[in-house]
Amino acid sequence: MTDVVSSPAGVLAKPARRDIGIKRRYAAERRFRAYGIAALSFGLLFLALLLWSVVSKGYTAFQQTMITVPVEFSEQIIDKDNERATDPQKLLTANYPLIARNAVAKALGVAEGDRAGLRAVNQMISDAVRGQLRDMVVANPQIVGTTQTVSLLAAGDVDSAFKGQIDLTVTENNRKVSDQQVGWMNQLAEAGALGKHFNTGIFVNGNSSRPEAAGVGVALIGSFYMMLIVLVLALPIGVAASIYLEEFAPKNKFTDLIEVNINNLAAVPSIVYGLLGLAVFINFMGLPRSASLVGGLVLTLMTLPTIIIATRAALKAVPPSIRAAALGLGASKMQTIFHHVLPLAMPGILTGTIIGLAHALGETAPLLLIGMVAFVANYPTTPMDPSTALPVQIYMWANEAERAFVERTSGAIIILLLFLIVMNVGAILLRRRFERRW
Amino acid sequence: GVAAARDQVQVAGSSTVLPYAKIVAETFAETFPNFKAPVVESGGTGGGLKAFCSGVGEGTIDVANASRPINKSEAEACKAAGVNDVQEIRIGYDGIVFAADSSNGDMKIEPKDLYKALAAEVVVDGKLVANPYKNWSDINATLPKGPIAAYIPGSKHGTREVFEEKIMAEGCKEAGATDAIKALITDAKQAAAKCVAVRKDGVAVDIDGDYTETLARIAANKTGLGVFGLAFYENNKDKLKVATVSNVVASTETISSGKYPVSRPLFFYVKKAHLGVIPGLKEYVEFFISDDMVGPESPLAEYGLVAAPDDQREQVRKDFAAGKTM
Amino acid sequence: MNMLSEAAVEKALDKKMNEVAYKMIGKDVSVYYGEKRALFDVNLNVRENTVTALIGPSGCGKSTFLRTLNRMNDTIENCRVTGKITLDTDDIYDKEIDVVELRARVGMVFQKPNPFPKSIYENISYGPRIHGLARGKAEMDAIVEASLQRAGLWGEVKDRLHEGGTGLSGGQQQRLCIARAIAVSPEVILMDEPCSALDPIATAKVEELIHELRANYTIVIVTHSMQQAARVSQRTAMFHLGQLVEENDTDKMFTNPDDQRTQDYIMGRFG
Amino acid sequence: MSTPLILLILAIIAVVCYVVGTRHALAIAGGLSSKLHSRPGYYGAFVAICAVLPAAVVLAAWLIASPFYINSTVRGGFPEDVKARSVAEQGLAFGMVSSLARGMDVLTLEEIDRVGSNPAELRNTLGTKGVALAGDPEPYMVASAGDLNAMNKISNRVMTAVVLIVALIGAGLSYNRISHRFRARNRVERVILGALVVASSIAIITTVGIVMSMLTEAGHFFGRVPAWEFFFGTVWDPRFAAAGTTASEGQFGLIPLLLGTLYIGLVAMLVAVPVGLFSAIYMSEYASPRLRSVAKPLLEVLAGIPTIVYGFFALTTVGPFLRDLSADINGIVTGNAMNFIQAQSVLTAGFVMGIMLIPYVSSLSDDIITAVPRALRDGSLGLGATKSETIKKVVMPAALPGVVGALLMTASRAIGETMIVVLAAGVAARMQLNPFEPMTTVTVKIVSQLTGDLEFTSPQTLVAFALGITLFVITLCLNIYALFIVRKYREQYE
Amino acid sequence: MNMLSEAAVEKALDKKMNEVAYKMIGKDVSVYYGEKRALFDVNLNVRENTVTALIGPSGCGKSTFLRTLNRMNDTIENCRVTGKITLDTDDIYDKEIDVVELRARVGMVFQKPNPFPKSIYENISYGPRIHGLARGKAEMDAIVEASLQRAGLWGEVKDRLHEGGTGLSGGQQQRLCIARAIAVSPEVILMDEPCSALDPIATAKVEELIHELRANYTIVIVTHSMQQAARVSQRTAMFHLGQLVEENDTDKMFTNPDDQRTQDYIMGRFG
C-alpha cells in the first residue's frame, strides 16, 4: 500500500484550490444548451413556416362563394309533358342548369333573349347545380312548379375573383372572368345575394373537376380505411417481429441478415412497394384495383420496417434487470416480455407507430401503380371499393390548372394535417402515459 | 380469389388526358344517374397501357388514356396477354404553347430561336461547340430580357418528343445547322441526335412534374420560358404571356386548322371485350366522343382541348359504332 | 440470537437431514462466459431445509454458481454450463425440464434491487398472479400483506401500496424484492447478498425470516458478511477463483476449517 | 360453404374451445388453479389452438392446392388440338374457361340450357351479367367450364367437411390431454413463438417479393442494354422511345444518379442529424416535461406533412431565397450580382429534405436517450461533470446503438424520397460536385421512368426496375457495412 | 488493524480539529420529494479531516441527506431543499455557487454500483479528463493506476484496463466506482454504502483507504454496518424517520449514546 501512495508522487495529494476550467466548461455547457435550443427552434420554426405557408394560402378554401336567389322549379323545363309519375328518369335527366341560370339571370335583370348575356350568366354558376337541384327535386318532387330560395354554388372563377385571387387589373382577355361578370358579381354581393359561406363541400364531396364542388370526402374515407389497415396490421406484425428478433432469435449470421434486411427495406423507394402490391395483391391475389384494401396492405409493408426498427431500439433499451426480476419469479420468457418489457418499450413503439403512420398517411408514390392516384367521385362503402387518399387528392389538385384549386390544395393539406393530428393524439397521449424514467 | 362484379368503368393512363377524362367522367355520372362515375387513374401513358394490356376481365382496366398512339411492341404485348380487340379513339389535339411570366413584353419566337437557345451544341464557324448563348437578347430581342432559362418537359413526357420534333429538329433545319452537322458527322442517326440534344448546363430545365411546377418555376424566375399545354395556359392567362410561334398565335382555331405547328393528338383505347360487360362502358365511350363533350363548343374545348375537325369526329363515332378494332 | 435454541434446532434438523436426500446436487459444474471460465468443476450439494451460505472474495463465482441453480444464466448470452445439477431427482439441465416451473420452485433475490417500475402492490402480486396462487382479490391482498410483513416492509409501505416501487429507498427496494420472491412460496430460495443494502434492523428481520423459512424451505445465500454467514447458515461453502475450496458445517468452517485458504480468508478479517 | 363462412365457424369453435378448456382444467384441479401446471386460461387457449390451427392450415393448403389440381385436370381434358398449341395460348384458353365457369354460376339453369350451345349468345348473356369474356367461347370450353364448376363444387364440399372434422378432432384430442401436469403454457407459448417467427418472416417475404417483382423486368432490361453500360455509364440520357419516331438509343449511365442520391442524402443528413440530435438531447435532458410533451409531437408533424408540400416549399420559397441570397453575396463580394446558387440545387433539396427528416432523428433518439438509466447520469454528475459533459461522454455513448439505428432509418428515408428532389433539385441527371447545381437521384428516375408516357416495353421504362434492384443492393451493402461498424464500436461498451 | 496506532492518529487529528472550522455545516436542512417530506430540519456539521458516519434504519433519509451535500438531489425532478448548507464558507445552495465545481470538490460514490458502459480505464480517466487534471497520457495513466490501487482493484484489472467496466462482478464494479471518485481528488468524499456489495477483504481495503484519505480529505459515509461505522468513523450521526436523532463522537455513540433511540437501534443488533 505504502508504495502506492508514494509512487505516482503527489498526483492524489490534495491540491490547493484547483483550476478545473470552470469558466470554459460552463461556456461549453451554455453553448451545448444553446445548440439544443437552436436545433429545437430551427425545427419548430420551419414547422411554423410550413404551416404558415399552407394555412395562409389555404384557409380561404373553407369558404365558398354562393349565390342565393329564388329559383323557380319550372314544370315547363323539368317535366314538360308531366311524365314523372310514370318515368322516374324524367326527374333525373331534366335540364336543371337552365333553371339555375334563369333564376340568376332574373336576379340580374338579364333579358331572356340576350344570348351572350345568358351565356355569361351561365358561366357564373357552377355546373354542380345540376346535382344540387336534382337532389332537391328527387327528395321532394312536390317542389316542381314552386319557387324556392336556393343557395347556388358560384363557379370556381367567380369564387376566385370574389376572394381576390384573380388579378382583375390585367386585360379582360387574359382572365377567366369578364368585366361584365365582375360587375354582376359585385351587384349581387351588394344586394346580399352573393356571399361567402362555410364550405362544407370540401369535407364531404368527392373529387370533382370543378373546384367549387370538389371535396376530399372520398379521400378522407380512403385514408381512414388505409390507416386503419396499416394500424391493425403493421403495429402487431411489427411488434411481433421485433420481439422475435430482439428477444428470441439466436444471435447469428442469419438474424444479422434479417436485421440488415429490415433496415434495408426502410430504404426501398416507396414506389417499389407499389410494384410489389401490383404484382402480389392485384395480379396474383386478384384484389380489385384502386381499392383502399390494397393501398392499406402496400402501406403496411412500407411502414413495417419503421415500426420494427423503432420497436427493436425500444426493446433494447429496457434494462436487463427487469427481465431478470421477472424470470427469477418464475415468469416464462413470454410472460416477462408481455408483462414487463413491452410496457416499458411502449413509448418507443408508439413513436415508431406515429412516425410510420405519418409517413404512410402522406405517401403518394406507392399508390400510383395500384390505381389509387385516381379521380374517384363516388364514396367507397367498403375497403374493396375504389377510393383515393388525402395525399393523392393533394397531389392531383396541385396539378390542376384552375386557379381555385390552388387554395383548395392548401385547404386539403390543412385537412390532412388535422387528420394526422387526430390520428396521433391517441398515440401521443398513450405514449405519455407509458413514459417513465427509472 | 375472384373479385365481385365491378360496377364502374376503370380508366388509366396519360396525365395529359386526365383532366378531360375527369370532366367526361363527372358529367357522365350526372347525365346517367344510374351509372357510377368512372374511376380515372393518372400515371402516364406507359403505365396506363401496361395495366390495360395485362389481360381481360374485371380485374383489369377498361380504358387506357394515351397522349400518343399505342406502340407496335406494346400492341404485341397486349395480344400476348389476350387483349385482342382494342378500339382506338382519337379525342382531339393538345396544343403546346410557349409562355413566360406576364411581366414580359410580347414575344415572337421561331423554332430556330429556341434551337439556338437550347441546343447542347451549335455550329459556330463550321464547328460543333458547346452552346455559347447566355442571354435571350443574344438570340431574339422580343424574348425576355435576361439570361436564358427554359422549362421544358422532361424526357418522361410525350410532350418532350413533340417539342424535339417540332421545335428542335425544325429549328435545327431552319438555322441551317442540319446540313452543317451532317457535314461533320457521317452517322445519320447521330447527326439527327445532335440536332435535338438539349443543353445540360442548367439553362434548359427538365420538368418531370406537371405544368403547375413549370408555372411555379416561371414565377420564381421571370426570364424563364416555359412549355405548357394550351388548356393549362388558358386557365392561367393572367399570369402568363404566351409567345407566337412562327407568327401564329396558339388557339383552338389555329391548332385545329393546323396553322399552329406544335400540337399532338390525344387518344384513348377501349377493350372491346369489356363493352356491354362492364356497366356503363359503352355509354361512357359514346358520351365521350359525342359532340356534347369533344365538339368545338363543348366543356372539353372550353377547358382547352383542341377539337378535331368535324369529319374526323364523325369518323371516330362511326368506327366505334362499327366496332372497328386495331 | 439465542445460541442454545439454535443449537437445538440444528440438531433436530441434522437428524432429519440424515434421513432425507439432498435438495439440490451439483456435480462437476463448470460455467463459461464465452471463452472465459468462471467456475471449475464445482461439486456442491445443497441440503434440504438448510441454509447454505456461499462465501468468498468478490468475483470468485458465487453469484455465478447461484444462478446455475435456477438456470438464470440461461439469460446470459454466451454463458455455458457443463456438469449436472439436480433438484430433488430432476436434472434441471435436462431437456424435459420446464425452466419456468424450475424458477417457480427455485426463487431468486438479486444483488442489485430490481423492482418493476410498477406499484408496490403489483410488484408483489405479479408472481402469485402468473402462478395462479390467489383465487380472488381478498386472497391476493392477504398474500401481498403477508409477504410484505415477512420482509419487514409492511409498516413502511402499507399506506402507499399503489405508489411506484422504484420510489422506495435502496433498502426498501431490496426488501420489496425479497417480499416479491417470498410471495410465490418457492421450495428453494436463492439470495444473492440480499442484505447488502439493508440496515441492521432490516437485516435482522430478514435473517429472522430466513430462520423461519428454513423450516419449510431450502435456502442458498451469498453473503460477504462472515458474521451473517455464521448467524444464518448451517452449511457454508467457500469459493475462490472459481473453485469450491471447501464446503462444511458452518460451525466447523468458522472455527476449524479444513482448507488453508478458508482459514486465511476468514482470519484475514476476523476479529 | 364459402371461405369466410368457414372462417367464422372456426372462430366460433375457437371461442367455445377456449371456454370449455378453461372450465375443464379448473374442474380437474378442483377449482384450485395453483395445482395446475399452467393457468387455466392456457389450457383453454391450448384447446382452441389445437382445434383451429390445423384446420386453418388444412384450409389454406386446400385453397392453394386444389386450384392447381383442378386446373391441370381441366386442362388435361382439353381437346388434343388445343393442347398442341403454345403454352401462352393454352393459358388464354383456360382463362376463358374460368371466366365462363364463373359466368355459368351466375346464370340460371334454363339460361344455360338456352345459350349453352351458342357461344356468341352465351357471351352476350354473360356480358349483361357483368362477366367479361375476351372472345367467343369455343364449344369445348363450355364443357370444360361445366367440369370446372362441378369439380370446384365437390372440392368445396370435401374441404368444408375435412376442415371441420380436423377442427373437431383437434379439439377432442387436446381436450383429453388436459391434466395437472400437462404443460399447456409451454405449448401455447410455442404457438405464440411460431406466430412471432411468422411475423418476422414477413420482412423476408417482402424482400423476396420486391426482388422477384423487379428481377425479371430488370433481366429484360439487361437483355437490351449491356450491364457495363448501365453500371459504369457516366451519362444518363434515356431519350424517349414513344411511338417509334426518333429511334435514337438512349444512354443509361447509373453513376450520375448514384452520385446525386448520395450527395443529396448527405446534405439532408447534414441538416437532419445535428438538428435532430440536438433537439432530442434538449428535449430529453434539458427541457421541462411540459415543453417536451408539446415539442415532440409538434416536430413529429414534420414527418407527416406530405412531401409535395415540402417540394413546393423548396420550389417557391427556399430555392429562390438561396438563389437571390447568393446573387446578393456575389454582388457584395465581387460586384457581379450573378447568383452562384441555382434555384434548384442539391443544397435546396438536401436542406428541405433535412427538415422533413428532423423528427426521424429527434423522436427516436429522444426515446432512446430517455431510456439510458439514471444511475449512469448520476455517476457522471457526481464526479462533477457538467450536464453537457455527461451527455456527450456518458449518455450518448450508452445510447449509441439505438441512435445509429435511428440514423440508418433516417438515411434510408432520405434515399427513398422523390417529390422533394423533383421539385427542389430537378430531374436533370448531371455528374458534378457543386452543391449549388441541380442533380437528381435514383429514386426520382425510378418513379419518372415508370409513370411517364414512355413505351412500357422499352428499355426506357424497364430501366426503372434495374435502378430499383441496383439501389436495393447498394443500400443493402451500406446497411451491412453500418451493422459491421456498429458492432465493432459497440463491443467497447459491453 | 492496529488499535494502538489508530488511537494515536485519532488524538492527533482531534487536536487539529479543535483548531479548524467545520468543513460543511448543515442548518435546518429539510428535503421534500414533491409533497412528501423526507428530512426534518436537520442540523449537522461535518468536521474537516474526519470521517462522519451516517447510520439509521433503511428509509430514514441517510442517502437523502448525503445527496444534499453535493446537490445531487438537483437531478431528482420534484425534490426541494430548504435550510442552508455551507462548504467552507460558501453557501452551496446559493445562486452564485457552481454545482459542477461543488461536485468536483464534493465527490460521491453511490449505493448501487454504476460504472459507465465504457472501458475500465475510461471509467477512471473520465473525471480527471473533464476536469483537466492530467496533462498527458502518462499522467493520466498514473492517476488511473493510483486510483485503482487505492481502491484495491489494480491487481484484478490491470490486464484488462481496456475491457468494459460493466463486465466486472458486483463488488469489482463498486470498487471501480470508488476508484473513479477518488481519481478527481475531491475535498469531501460522500460514500453511500460503498461497501455493501464488497466482500470482507475488499471492504478492509476500502476501509484502509478511508483511513488514509482522512488525513487530507473530509469523508461522509452512509453505512448499515455498525461495525463499519465504529471502525472507520470518528463522528457518527444517527437518523430516524427523517430526523437527526443524535450526532456524537463515534466512541461515545457506540458506548454511551445520549438518545434512547440510538441506544435501541444499536443495541437491537449488537452482539
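The chains carry the letters A, B, C, D and E, assigned in the order they are written, with residues numbered from 1 in each.
Everything below uses one rule, namely that a contact is a pair of C-beta atoms (placed from the backbone, for glycine too) under 8 Å apart; a residue touches a chain by one contact, two chains touch by 3 or more.
What you see is a predicted model; the values in this text were computed from it and never measured.
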item	value
Partner chains shared by chain A and chain D (touch criterion as defined above)	B, C, E
Partner chains shared by chain B and chain C (touch criterion as defined above)	A, D
Far-end chain from chain C, centres as C-alpha averages	B
Central chain (by mean CA position)	D
Averaged-CA centre spacing for the pair chain C and chain A, given as whole angstrom	59
Geometric centre distance via CA averages, chain B-chain A, whole Å	30
Residue numbers of chain A (touch at least two other chains)	20, 25-26, 332-333, 368-369, 398, 438
Chain E residues counted as touching two or more neighbouring chains	100-101, 104, 112, 130-131
Multi-partner residues of chain B (at least 2 other chains)	2, 6, 43, 47, 58, 209
All pairs of touching chains, each written as two labels joined by a dash	A-B, A-C, A-D, A-E, B-D, C-D, C-E, D-E
Chain A-facing residues of chain D, complex	185-186, 189, 192-193, 195-197, 199-200, 202-204, 206-207, 209-210, 212-214, 274-279, 281-283, 285-287, 293, 295, 297-310, 312-313, 317, 355, 358-360, 362-364, 366-368, 370-374, 384, 386-389, 391-392, 401-402, 405-406, 408-409, 411-413, 415-416, 418-419, 442-443, 446-447, 450-451, 465, 468, 471-472, 475-476, 478-480, 482-483
Of chain C, residues touching chain A in the complex	70, 72, 75, 77, 100-101, 103-105, 107-110, 112, 114-117, 126-127, 130-131, 166, 177, 180-181, 184, 186
Residue numbers on chain D that touch chain E, as the complex places them	289, 373-386, 389, 393-394, 397-398, 492-494
Touch list for chain C against partner chain E, complex	55-59, 63, 111-113, 156, 167-172, 175, 193, 196-204, 224-227, 265, 268-269
Chain C-touching residues of chain A, taken from the complex the two chains share	251, 320-333, 335, 339-340, 344, 436, 438
